[in-house]
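Order of writing sets the labels: A, B, C and D. Residues in every chain begin at 1.
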Amino acid sequence: MAISKLVSGVKEACKGVEDGMTLMLGGFGLCGIPENCIEELVRLGVKDVTCISNNAGVDNFGLGRLLQGHQIRKMISSYVGENDEFERQMLSGELEVDLIPQGSLAERCRAGGAGIPAFYTPAGFGTEVAEGKEVREFDGKPHILESALTSEFAFVKAWRGDEAGNLVYKATARNFNPMMAMAGKITIAEVEELVPLGTIDPNEIHTPGIFVQRIFQGDSYEKRIEQRTVRPHKN
Amino acid sequence: MAISKLVSGVKEACKGVEDGMTLMLGGFGLCGIPENCIEELVRLGVKDVTCISNNAGVDNFGLGRLLQGHQIRKMISSYVGENDEFERQMLSGELEVDLIPQGSLAERCRAGGAGIPAFYTPAGFGTEVAEGKEVREFDGKPHILESALTSEFAFVKAWRGDEAGNLVYKATARNFNPMMAMAGKITIAEVEELVPLGTIDPNEIHTPGIFVQRIFQGDSYEKRIEQRTVRPHKN
Amino acid sequence: MLDKNGIATRIAQEVEDGQYVNLGIGIPTLVANHIPEGLNVEFQSENGILGMGPFPFEGSEDADLINAGKQTITALPGAVYFDSATSFAMIRGRHVQLTVLGAMEVSETGDIANWKIPGKMVKGMGGAMDLVASADNIVVAMMHTNRAGESKLLPQCSLPLTGVACVKRVVTNLAVLDIKDGAFHLVERAPGVSVEDIRAATAGELIVPDSVPEMQL
Amino acid sequence: MLDKNGIATRIAQEVEDGQYVNLGIGIPTLVANHIPEGLNVEFQSENGILGMGPFPFEGSEDADLINAGKQTITALPGAVYFDSATSFAMIRGRHVQLTVLGAMEVSETGDIANWKIPGKMVKGMGGAMDLVASADNIVVAMMHTNRAGESKLLPQCSLPLTGVACVKRVVTNLAVLDIKDGAFHLVERAPGVSVEDIRAATAGELIVPDSVPEMQL
């Protein structure tokens, strides 16, 4: 009875992505990013895309791969500090950048997926972020009106998934993935492990399959660590 | 290191609830309602309270118990159709009733917990619900502005919980409980089973303990079924 | 003329492969029993389940597993539970593609009234206002006339509205009708029901094409 | 004069038993190492964890478990993972009670700038704008002057703002200062630092009480 979202692999999953489209990509830093789809977008060579993603990867991994090929026209992000090529393209004017507060970014994606066209938040009042936006006081405190974000495609990465599109994320690799899954007109989920239908306890699913249009198991995951910090073993 | 929310039982949990307060109560019909706390509110005899709850229980169970004692001054609900005493009190004017769309109720509680003072929704446009509310078009479609709901106390019921206040709900007993947990200034969680800290996989927690101020294991749960529907066994 | 199960059978034909469907209380609930074999459809119940299955076998009822009508149900493989905010995110965000619900009145402009009779019956709108304000595809399942024999398909609703200009199609015991351009357009007749029967039972403007096929059930 | 760990040690004294605390990148991260034994405190990292523990032992790093500074971390018993929307619901909804973050500039009216140097450095605000707009209790951890020796405690911020009238307390290498009534109020001196040193390094209006105790570290 379940509606199957299973596709054969990354190539079938990314069918229909075209130049100039708006794409959402889950992940925080390099944690929980859709590695296989990003590589396929590099291979496809789509140009002039707008990417909505909390970060922009590093120079040679994550969204940095798309920046290298000058495939991105505009980034909508909250923090882009780990990427020299990004900074170069932005300061030179090649790359359009819309920086927005992280909480507003998350909530705007959720709103887009939830049919809430706009909401008020205190974040950014009195800053550049508020420019051109409606300000209204609630309970004596000024708030700004933020609008929903949606995208033609959303790329998310989960730990486990089933053919119904149900997803479970691992630890902090969850981050923006659930909201972006909601906000994509076509949401493509790549998973580390595809499990048989009925394997995942329906109580423990993070993203219900209704939000996912295509799912596949990624061929391989590098899962690069950006800041490896450790403490010494006690001897 | 975890901050303990554990209290000795329902009496300690309900300390501070006073006449005239606004209370949120989780549950859908009789499913997932805070049975032990409701009985304690009956015992305490608090009066003139405003109850925010999707439903109003049945005549002799759930919130119907508070209605019997005329303890409720106002109900904020989406559906109250299973309760004769409710209808009698409402039609006679004893009970003030604010009926709001179920999705708006859920989202208004979430907004209250999430620091979003107001949001736009299409639900209720052109109906009584929209009276006195701002209307604005987004994408050519009219929406109404709905405000956040919060409460002095929120009572939620979970399946499992730990002393940090982390909660896991079972099946459709989840319903309004997570959003009300977020929206209560003091949130009281009663659980069927209190488990040791670290027992619940941090990936599988529905309500993070930060939203819960007091937790206890309920003495007993009747878990009454409102509409027992079955199919015959194949012989 | 159809009975309630007949209406449900006809509405089941509206359901397409791959759709997520929300069924309201009453006749709409029966639609689930008439979905053709092999059609992949998932039922959402707004209290927090997707992948709703049939009623449980006697003795396996679970008080924690109910539908929006508070009936005990089961979950199919691939089902998922979620909270009410997420449930209405699915509905408001148009992820649920088809909504079937009952009505007391429907107007020729697609307004619907189904939640309140002032001074008499005040049960509340539940999720209906969110559902009708959101879904692209809203089908009303109801009897063509009320118990007093009065038409429920009206020029204007007399009862408090649930939603404005939202109903696309109405399936009754007498007919299938589309709503567009401010009128009811007769699409199909129920078996044994004449166009004149339908005209007599419809108070709103009724557009009748040259030929009106009988429903194939 | 304090070093970075000294500032973190002093800020740790601001943390109260039973608080949920968000620590920003840089000096604030160090605060976690200086919380007194026996104090029950949980650290939230806005990328999606509550109950953050120390760095992992070498060899047990998990790429899927990081903090907002993208550092590998561990989770303590009772920890919980969540998505970014829920994370900022905790922050915006004032469930996180204390926020410690760095700054490039702070004004005497409590404005803060820490995310952008026009034409030079544009890293983005990350979660800082949400944090400073929301928390009841915002403590800034920073050096009193920048690398050029210029004061970072100003009458007005010159850089693009992160938030307006939100900072309550500043802890620097030289002093603890409260912000109220449009001025910096000197609360404590760092060991070996004189009121005159602090006055010389503070460009905004500084109110000095009759007696200014030295920090107890």
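Keep this in mind: a residue touches a chain if its C-beta (ideal position, glycine included) is under 8 Å from a C-beta of that chain, and two chains touch if they have at least 3 such contacts.
Only a predicted model underlies this, so the values are computations on that prediction, with no experimental measurement involved.
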Checklist outcome for this item: The chains touching both chain A and chain C are B
Checklist outcome for this item: Outermost chain relative to chain A, judged by CA means, is C
Next on the checklist: Based only on mean CA positions, could you tell me how far chain B sits from chain C in angstrom?
Outcome noted: 28
Checklist entry - So how far apart, in whole Å, are chain A and chain B when each is placed at the average of its C-alpha atoms? => result 32
Checklist entry - So what's the Cα centroid distance for chain C and chain D, whole Å? => result 55
Next on the checklist: If I count partner chains per residue in chain B, which residues reach a count of at least 2?
Outcome noted: 107, 110, 114-116, 121-122, 169-171, 202-203
Item to check | Set of chain C residues in contact with two or more other chains | outcome: 49, 75, 81-82, 85, 88, 91-92, 134
Checklist entry - What is the shape of the graph in which nodes denote protein chains and edges denote touching chain pairs (line, ring, star, complete, other)? => result other
Checklist outcome for this item: Pairwise, the chains that touch are A-B, A-C, A-D, B-C, B-D
Checklist entry - In their shared complex, at which residues does chain B touch chain C? => result 28-32, 54, 77-82, 87, 90-91, 97, 99-107, 109-110, 121-129, 159, 169-179, 206, 223-233
Item to check | Touching residues on chain C, where the partner in the complex is chain B | outcome: 45-49, 54-59, 61-73, 75, 81-85, 87-88, 91-92, 111, 116, 119, 122-130, 133-134, 160-165
Checklist entry - In the complex formed with chain C, which residues of chain A make contact? => result 1-4, 110, 112-116, 162-164, 166, 182, 197-198, 202-203, 205, 208-211
Checklist entry - For chain B, which residues count as touching chain A in their complex? => result 107, 111, 114-122, 138-139, 143, 147, 168-171, 202-204
Checklist entry - Which residues of chain C touch chain A in their complex? => result 18-20, 40-42, 44, 49-51, 53, 75-82, 85-86, 88-96, 134
